[in-house]
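Next up, some structures in structure tokens.
Both complexes below contain chain A, partnered by chain B and then by chain C.
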Partner chain A sequence: MTAGSFFTSFDLSAFINALILGISIASIWLIAALGLTIIYGAAGVINMAHGEFIMLGAYSSYMLQSSFGLPFALCVPASFLIVAAVGLIIERGLIRYLYKRPLDTLLATFGVSLVLMQGVRLLFGSDPKYIAVPPAFSSNIQFAFINISVFRVVVLLVTIAATVALWALFYRTRFGVQVRAVMQDKEMAASFGVNADRVYMLTFALGAGLAGLAGSLFGVLNIVLPTMGAAYVVQAFLVVVVGGGTLAGSVAAGGATGELQSIFAYFTNDTFARFVLFVLIVVFLRIRPQGLFAPSAKRR
Partner chain B sequence: MLLAMDNVTSYYGKTSILRDFSFGIEQGKCLCVLGRNGVGKTTLMRTIMGLTDRSTGDITIAGEKISGAPTHQRAKLGIGYVPQGRGILSEFTVRENILLGTFARHDGRPEIPEVCLRMFPYLKANLDRRAGLLSGGQKQQLAIARALAVDPKILLLDEPTEGIQPNIVHEIGETLRTLNRELGITLLLTEQHIRVAKRLGDAFLMVDNGRVVASGPMPELTEDIIHKYLTI
Partner chain C sequence: MNLYHNVRAQWLAYLVFYLFLAAVPLVVDDNFLLNQLSTYGVYGMLALSISLCWGFGGILNLGQGIAFGLGAYGMAMTMQMQSQDASNPMPPFMLNNSLDHLPLLWKPFANTGVGMVLALVVPTLFCLVFGGLMFRARVSGPFFAIMTLAMLSAWGTLILDMQPYTNGVNGITPPAPLHLGEFTLDPYSPTAYWTVLGLLVVATVVAKLMTLSRFGLVVQAIRNDAERVRFLGYSVAGYETAIYTISGFFAAVAGCLWVTLTQYVSPAQFDTTFSLSMVIWAGIGGRMSLMGAIFGAFLIQGAQSYLGDAFLNTWLLILGAFFILVVRFLPKGLIGLVESALGRLGRKRGHDNGGSVPAQQMLPQPGE
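Our next item is the complex of A and B:
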């Protein structure tokens, strides 16, 4: 194949569409990872139940919609609150006893994930559920040669809003100063009146709530199943690890991985694109194991 | 007594570092804790803050019992802590480091108190500089400013002149003297420079092997005691 034939086969409008789809994929990767990022970043807990928190978010929206007829726009924030409450209960009942034993939190949260998955299966059954959205959301935006579904734009906007809100919370509020102080040096934070226990509790609940928010959106993009969390948790972990556990890192890692996946998929296909991406991530982590933006923290 | 310890034993794991430790410090005074490296001076500070694994015995601040309370509640009773190594949060700006101190204020006011900036003009001019970039002496100033932001009744200063250029040691000493004599803040400090200790302190506490071995007003700190417990 000569260079000439390569360029004639290169379709610019399709490629631009792939780039735009990449932004959408990036937003999905990022919103799946936001909650995990702050739980890992602030409390150092590797939350294996993150995927199940996403799944709970999807079921919360499904339940509110099918049983109470709540409009979808309200199901999204409601899922945030419900899963945040579940996260709060799990943190108070289990996780808080394990902060000094990171390996045990790994095992405990894995146990929690199994309990949540089976619990939902008992309550709702194993058959797939669907979340309905207003007709406007299920149409496509057509602009010149650009073509993208409205709901993907909604996901992108929610992701941007959630990220900006998190940034403002962490960098523009007194609570944010407390969280970042605990992240850097728990003893010094406590020595100046910061209740680290409370900070951990609230961050865990917030992280869980963000997973719930993501789940209510993913339930529309895909079908709702008790096992759906597993599909997202891998992506979420990759974003957090590549990013280094900071908010800025997750935004950069989510953006880069989403775009790369879409570009590779344009030249090959989805499966091969994921394969190449995962190989690249392994190579990247071999060179830079601390991730893109790693904090220089002494945790505890 | 503003701060008092009564028969306190403090542990890391199962090892006791302080043993049957008792002393008291009156409002407005400056007490210097002296002793060789590793005798438990830092552990004394950490025990007051509740940062050791476990401690028995009573610690009181202005008559209120604090032993048993978690660290963040102790801080709110008016303790400004300047730890060994300064404990500056290097990712934070100067401003954020000082603001951290305000979380322990009993009145909960979120502004940087004016006194912090008046005492340390360098900090005032560099509020948005990242604290990790400061020199050792500047970090020590910042650590003291942060502790002042607590609006403390008492400052705990762990080796405030350690690792600081000799010409700045005197300066830090004078700052502490101002805080003590003019602002009336009670000081409890550990100090290696015997000259600084003698100029600042009203009283001394000599520690060896986790116990108080000598104490009294500063004039009673004789060459004999210094020779016996400080000279290596």
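Our next item is the complex of A and C:
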């Protein structure tokens, strides 16, 4: 907390800054969790390779920028497409055989994460890479006592845009109706002519693509490393678990956990805040194991 | 009848396996190699604990490193305090972190007996409380796995952060081996090897008897259909908590042994990679077989030590790919190959081939 160093004790303006930082943390966790949410929500797959998909997104942006000189604004959608393609290949080659064994998808995707991480390490080396952004993004916004970096605002805006786009896709298109039908009852949807296999394939690719999008942004926030995925994956999982696997749940859970993390961190420090937050989540799940907004049960 | 499911044959296999392992120090006089083999015994015990929890209980635990790490820290603190005395009451790293007296957290570890008991009781209690909370809320399957992963990461960051008490990322390196009264356990001696092996044998026998008992059968029934067992009137949460806690206790024992062998512990023991590799050992060896899981640990760790140097850059790639193949094609692990081979053998001899009907393959066998 940069603002925290100016103040020694509780201070309203510093606290408000912590709340604003909380929104930023929430947007980062949410965008990391979006892809995971739809993959879990639609297909029930716990994708342990999600962190590595994020890492692939960051490396795609780095590669496109350093080798082909693509401007950053184009790297972000390009990373989405590249990682979505990787996700598609993995779904066709491996995941589709395991849909009936949820714990095994978890293990198989962990194997995938090992392969991706080591593969990237072999290709790019284990030294950190950096993604350059236009200078306007690397400054800070100073408004009265509020102080936040422009890029964090960009991340927040991209997160809002991605969430709204997903919502529109799920609730305003024919494909969305099919996905929701498969989520509620795969057999019934299939008997009404929905190609469930294709829905699973496309949602997996979409989820992977969203991870790629998140990765291209995280690559700017932090350095790009083969191991960077691990830093986001646990929080992303918690957002999904607390939210209950629905889009609305993830938005609420991302907001709540990010904000709490920032508030606890204001009173203690980042690490201890994380510990308290995790313990709180365990207690929360004791009271509400299905999460904030669990998907509606099958209607018969 | 498939010989693989014959309980007497299984006990015989354990006997041969452990007699063979017990004879190793008679032919190996390289002390460093012996120490390394002893640590494999510790990994074997971890794989055994995963097999109990995941293979028999159906509870995938990605946070076994918590019980292992807490046990290891408890033991490391005990051994560290053995090197301190009245004139020099504090471990050196605390002085570097500007503490002026021994923190309360460390006081009980000054007594070796109390310290060792704490090293086992604290992780077991943690599993009891955490497991109880989760299972009573009916958090199960992948959600439980995620929560164990989150808890692991929480503990790891906490221990990393409490620099003055835990020496942060550097960990604790007790300067001397463990003393028990007059006796000193030299980690590079055959005695240490036999101690580890002896405890592994005890753990295996206890685990095996447990899986054969009424308790073990209920646990395996829960793995196959928790709802049905609940409707029969059993406390599913109680049984799940019990098997998770027992498994955690074994992991804590492994943690204590590991520190006596390596005289070192650090937050790396709370790494997700380490906990996940325990699952990989059990998965590759065969999670539904205690011996399969132990063998998996030996195989993977051995390969990592010996092939790891030759394939330094590609080892994780190979391991990941191999693991994917096992999950995809051999859900019962490598030991599943032995099972089907023995099943085929039994059929050739014209015996009853009921044990190798494919539909029964994933169902519990009392002696499995």
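By definition in this document, the second predicted complex is superposed on the first by the 286 of 300 C-alpha atoms of A that agree within 3 Å, B and C clash if a C-alpha of one lies under 4 Å from a C-alpha of the other, contacts with A are read in each partner's own complex, and residues count from 1 in each chain.
Just so we're on the same page, contacts are C-beta pairs under 8 Å (C-beta built on N, C-alpha and C of every residue); 3 or more make two chains touch, one makes a residue touch a chain.
Being a predicted model, the structure only gives us computed values, none of them experimental.
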Partner chain in contact with A:K100 - chain B first, chain C second, else both or neither: neither
Contacts of A:F275 with chain B and chain C, given as first, second, both or neither: second
Comparing the two partners chain B and chain C, which touches a greater set of residues in chain A: C
Contacts of A:L122 with chain B and chain C, given as first, second, both or neither: second
Residue ranges of chain C in contact with chain A within the complex: 60, 130, 133-134, 136-139, 141-143, 145-147, 149-151, 153-155, 157-158, 160-161, 272, 276, 279-280, 283, 313-317, 319-324, 327-328, 331
Chain A contact footprint on chain B (complex, rising order): 49, 51, 70-72, 75-76, 81, 83, 87, 89-92, 96, 99-101, 103-105, 110, 146, 150
Sites on chain A touched by chain B in the complex: 174, 177-178, 180-181, 184-185, 187-197, 295-297
For the chain A and chain C complex, residues of the former touching the latter: 46, 94, 97-98, 101-104, 106-108, 110-115, 117-119, 121-122, 230, 234, 237-238, 240-241, 269, 271-272, 274-275, 278-279, 281-283, 285-287, 289
